[in-house]
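Chain lettering (A, B, C and D) follows the sequence in which the chains are written, and residue indices restart at 1 in each chain.
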Amino acid sequence: MLTFTLRRLLTAIPTLLVISFVIFGLLELAPGDPLADQPLTVPPEVREKMRVALGLDQPFYIRYVLWLKQFFWIEPLYTIDSLFGTSFAEGEQRIVSWQFRAPVFDVIWQRLPQTMWVVGMAYLVGVLIALPIGIVSAYRQYSWFDQVGTFVSMIGFSVPTFFTGVLMIVIFAVNLGWFPSIYDTTLRVTDWESFKRQVAQMVMPVAVLALFNASQISRFMRASMLDNLNQDYVRTARAKGMTEPVVVLTHVLRNSMIPVVTVIALGVPTIFGGAIITEQVFKVNGLGQLLITAIYANDLPMVQTLTFIFAVLIVLFNLIADILYGLLDPRIRYD
Amino acid sequence: MPDGATSVLDVRDLKTVFRTRSGEVHAVNSVSFHLRPGELLGVVGESGSGKSVTMMSLLGLLPSPPAEVREGQVMFEGKNLLRCTEDHLRSVRGARIGFVFQDPMTSLNPVFTVGFQLREPLMKHMGLSKSAAQKRAAELLDLVGIPDARRRLGDFPHQFSGGMRQRVMIAIALACDPKVLIADEPTTALDVTIQAQILELVRDLRQKLGMAIVWITHDLGVIAGIADRVMVMYGGQVAEQAPVKDLFANPQHPYTRALLRTIPHVTGARAEKLNVIEGQPPILYRHPEACPFAARCPQAFDRCLRQNPPRIPVAAAGHDVACFWDFATGAPRDV
Amino acid sequence: MSDGGLPTGGPSARKLVEVRNLKMHFPIYAGLFRTRVGEVKAVDGVSFDIYEGETLGLVGESGCGKSTCGRAVLRLYEPTSGSIRIDGREIATAGFETLRKMRPTMQMVFQDPQASLNPRMTVAAIIGEPLDEHTSLSKAEKLARIYELMDAVGLNRNFANRYPHAFSGGQRQRIGIARALALNPRFIVCDEPIAALDVSIQAQVVNLLEELQEKLGLTYLFISHDLSMVRHIADRVAVMYLGKIVELAPRDALYARPLHPYTQALLSAVPEPDPNIEERRRRIILRGDVPSPANPPKGCNFCTRCPKVMPVCRDVEPAFAEVEPGRFTACHLYDATIMKTAGETAAPEAQSTSDKVQQGA
Amino acid sequence: MKLRTALMGACASAAMALPALAERGADGHVNIIYWQAPSILNPYLSSGTKDVESSSMILEGLAGFNEKGEVIPRLVDEVPTVENGGVSADLTTITWVLSEGLLWSDGTPVTSADAVFTYEYCTHPEGGCAQAARYDGIASVEAVDDRTIKITFDAPKPNPYQAFVGGTSPLLQKAQFENCLGAAAPQCTEANFGPIGTGPFRVTEFRPNDVIQMEANPNYRDPAKPAFATVTFKGGGDAAAAGRAVLETGEFDYAWNLQLAPDVIAGMLAAGKGQTVIGFGTLVERIEMNMTDPSPNLPEGERSTTAHPHPFLSDIRVRQALSMAIDRALLVEIGYGQAGRPTCNLVPAPEMFASDNTGCLTQDLEGAKALLEEAGWTVGGDGIRTKDGMRLSILYQTSTNAVRQDFQALIKQWWNEIGVEVELKNIDASVFFGGDPGSPDTFQKFYADVEMYANNFDGTDPEPYLAQYTCDKTPGPTNGWQGENINRFCDPAYDELIKELGQTGVMEERAALAKRLNDMLTKDSFVVVPLVDRGRISAHSNSLGGVVLNTWDTELWNVADWYRVK
């Protein structure tokens, strides 16, 4: 398992380098200008100077190598500095966003909490409700519960979040006034009152995203359970006189979870990618909103860094999913 | 026929139906048989003859839906297993009646250790503590001839060869010292040399433990070597039932005769051409009103198409056949 | 080993298939850089001939390499080494185009008729597929050929437009055979063609294969683990154990008096459908399992389970040699020099344990 | 009776005056939402409206503009003019005197050195200052004494109210930005995210593209202001969500720039929680005519350059006919509702600079047809006019934007009616306005016959704006397509008038000249075809008082005067 992990990590390095180059190249080729959102009243000479100040006068490959150095060398040094109070990275130029003129990583760290709270919570809630639904749907296949579950997950899967999101805002924020329509990212939970406010503002975005996640995962769970319910070992368990809860929740569930856990693990990077649409709808302003505004503003360092981190996470969680598979399924032994 | 008092298991008029999209399939039709203490009853028949379904029906191991045990009575230790509570049934399964299934590759749960799967019935039915169960589990593995039993309890099923896995299955079935062991084609998936090992093991265990065994197989060779009594099934019915030597020496049913003729031997004279039973076994969409074998039977006459023959005792003791044709006289029986 | 030394089916018979020292090794990779750490020796140097019009039975237990051998003979795998000549032409090293041209003469019937038939194609399409690939028949000619083939294997012409799932196992195997026959092959590898079928159906399929052989002069390599069926269909029989042929002999001789201890054990393990014989029979029960083909024992492959094992067996690999006219075996017991020089020490080690069940450690 | 009326009047006036008497921070918290989120609080590094407006609550210039476009003092007691001697008679210097006792929000005194530093900061060659144009033509900025700042211009400057005036050129604190000159400017994240200013509020937390938390500046010059103690300035989402948050749910007090369909706004207003405010400035949606030939058959480098005059748009009659065919009132109704009004002027405001040109407001399809006939364009078999074998076919481009595409469709229909073939094209805004010299699709390259966009000018003086149309500002390959004379209009008489405007200091004369220049581009030549004077529509809750929409400075120009209606 260890050599397997090491080997996968080693092969990930060239993969990620290629990915980073491809992302950089694509962004470079994409039309657009980081100064396009500046008003037309800014004269061309001033624009030119602003471009130079952004480093845009450098050729493509120099900017790419600089970014590589900043990402893989300076930013880690900077992290070490801030953790241990050293000064390795002093005077070195970090990756700076063109929109904010601030280090990209500072902004990402700032955005991470609300994304984790809302998108992560939605994922967690989605998984937690998906698993029992999937189990019961499969165990009682074609029952009314299963039919309703199938219908709801079809809705959850096919209706886009910008529709369900706005619908929820109109119903619960505008008409009923139960929840705020705009997420307050500065709210700090210090007491019961602020906790209630935090919960209130999370309810709608979490519900919308959780419905979407749960729809997907409950279908996986159901399919996987159905596969396993017909296996011979289930009959063996029953023939041993095991009760139905033991048969279903021990024997079948453990096997059914193997593919589902990997699907869940593979979905984790999407949390970090944020939920672009849902974040926009509820003004959560997490990583998804950061990415989309950076794309609109042609903030190449930000877009490049975010997409690359996303790529790293995907590669990483693919590996984690594989390792989990190996851990859960004794038949799989890497090496 | 011997009365129930001397039988450990007494089955009367069992009738099982599968509900499928194309209608009801009558898989088991009025099957009656009994099992004496310590005896090995061989059950022979082609796939679809109802031999496995009969045994699964006894202890409610068929998935329902689609299966439905419609009629009959299964007397075991003074109780009718078809009318008792689910709890009682579970206390019988795996404790008083053990099961061994055909495919040892799929009949063990791949994600639990062999030790876990062996301990389960011990802890449930015999109330053993985990450590006591572990000790007993090691003894059981030892009993079925698995070397280094204590260490191997921690292994997963895939770490065993096919023959070893079938030994594990037998150990699980024997865990609680059952009165009856039902073995459903336990050697079909194994190689002949491994089959020989298992047959040897079963002979040995019978001597040691003295339980009654129902051995389902399609291999008349295996039956000849191991069974005390044989029941031949066809079309969900018992075609013929006799002590093993009587059956091979003096088969009374045309189907039994055909079956015996079909099989090639490794010893003795080699037939130039294999005998075949033309046609296909029937799928019964209605309760059979005629002899199910009539369509393929060289002896069939008009009565066979009108009436389903009852089981008729023949000359030798304990031999009966469900056929209107008498080979001894070369004429229809007078019943 | 000289060609002339191999057993003949008859004085006038011509060799159709000649396999020499065929090896099929699958590499095992492991470690950080996926280096090659060993290989699974699925087929490890087998040699045999098949004469025109005969059936060579290839028997052995699961995992012994018999199916791999059958596929390698048709070049469905790239053999590691060795030579395969079919009708005088070398195919082990033949190029893609040469191979394609030869494909019609050699065909295969698979074990699982369910899995080897495309469920979305009609029977006519399945049988006609090789015709599309290798011939340029008109539509009408093709249909006529399909009907002819269906008649030949005993399938009702009216079912030509049905899909495989509408057929029973035996009928599906007939479809598979019809497909194999479509291009008038001379040589067919039957890879466990009856293993998935019921006894009564097995007999039907075996009879069909025999009839077709008679009618069309086919040559079969019949791979099976069912010794009684092989006894029925084969003219000569090769027994494989752990990637090697341990014994090759004419059918009757082999069944009457097996030479190799493995063949003896194998035959003794087959139950006879006669309680009286079963009662009297002395069985040779082999201990333990077959060793892994990735790590075969030193010396004779069978030395770990052989009831007649001698010290020499654990060191020296026995040669595959003709010990009687037409009978080949790879066993030191039939090596005159070893039996003579070794004398006492060559006596079998543990005959007493051979017919006892291993009751644990 | 009289007494009673008087008393009531006194009470009423007391009530009216109440907010002014309120003490600082008494009204608690106010929530502002901008659907475009501010990314930086230093307007010298980004001239995006969201950034300039949000920072204007913190940073101030020496003076600003009120809702009428008049210059009002902020950090000075009096705006310098020629009359009061603050501006020299030859228009080459302006001298500002800071009010006494001014403090930065950190409590340190504001001095003339801060102004000098700000000038250096923005004019540093490596700084990439977004507001560099505000400091154009300045020879020096000197600190005469601690409170006196003297700006000397290279040449007479009739409009000296650019540097340090308005939200786009505020004063930076020297102490805070001292190490942020030139290339170091972007690295001063802390300063750029939390500048120390003289405005009514100061930053407590800034999350770029998300939210700004502010509190009242304890050192603000008016001790009674601001009325609000804290501010949440939220960014992000879309105009509809912002409007909803103010007008429907009441979560926010002020929403900026509701670019929404008129009926959507009406629907939100029905909830009764807030109201809209509208203001008109100088932003004009217009069609620009290409005076040069954009034909793709021309070699690259000659396409859309002065080397080849446009084959038919050079004829004024064609341009005029195209203008006459447009129904501007209908465009306004469809695209902007109350947030727009039809105009024929390139400079529609301030009032004193706006020409009385209204000739274009009525659509005249027949007149347009007649004009084209007169010009020799006759209708062909397919309804398209031809002349000398040339088809009257126009490529009409603009940026991708729902309203613009609606306009394109309507105008195409009208032009088709008068026998003009129209091909439409829309280009992503970031490309169209991106200015990439390598791209064929920028508005500067103008590889089309006509194009549509909106533009405006900073502040109240149209001189630099009108000066964009001189011959020497024509974009072309020689200047890397950088030039503001998009139409490639070239009239020596126009250039002469611009020169004259640059030497005129008297306001009335300047206004007259500006009107003439405006007319030369519009009704005299139809080179620029104005369509809509686009106003701004913002919304505030019923409980927010003191909101006055200002299009000459930032919308938040008087945020110090905002209060909670009790």
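Everything that follows uses one rule, which is that a residue touches a chain if its C-beta (ideal position, glycine included) is under 8 Å from a C-beta of that chain, and two chains touch if they have at least 3 such contacts.
Remember, it's a predicted structure, so these values are computed and weren't measured experimentally.
Between A-C and A-D, more contacting C-beta pairs join the chains of A-D. Centroid to centroid, with C-alpha atoms defining each point, chain A and chain C lie 54 Å apart. Centres computed as Cα averages put chain B at a distance of 91 Å from chain D. Spacing of chain A relative to chain D, judged by their CA centroids, is 39 angstrom.
With centres taken as mean Cα positions, chain D sits 88 Å from chain C. Under the touch rule stated earlier, the contacting chain pairs are A-B, A-C, A-D, B-C. Residues of chain C that touch chain B in their complex: 61-62, 168, 170, 198-200, 202-204, 206-207, 210, 225, 227-229, 231-232, 252, 255, 265-278, 281, 283, 285-286, 289-290, 357-361. Taken in their complex, chain A has these residues touching chain B: 230-233, 235-243, 246, 251, 254-255, 258, 328-331. By the touch rule above, chain A contacts chain C in their complex via residues 3, 6-7, 10, 335.
Those residues of chain C lying in contact with chain A across their complex are 30-34. Residues 59, 61, 63, 90-95, 98-99, 101, 103, 106-112, 117, 120-121, 124-125, 156, 158, 169, 172-173 of chain B are the ones that touch chain A when the two sit in their complex.
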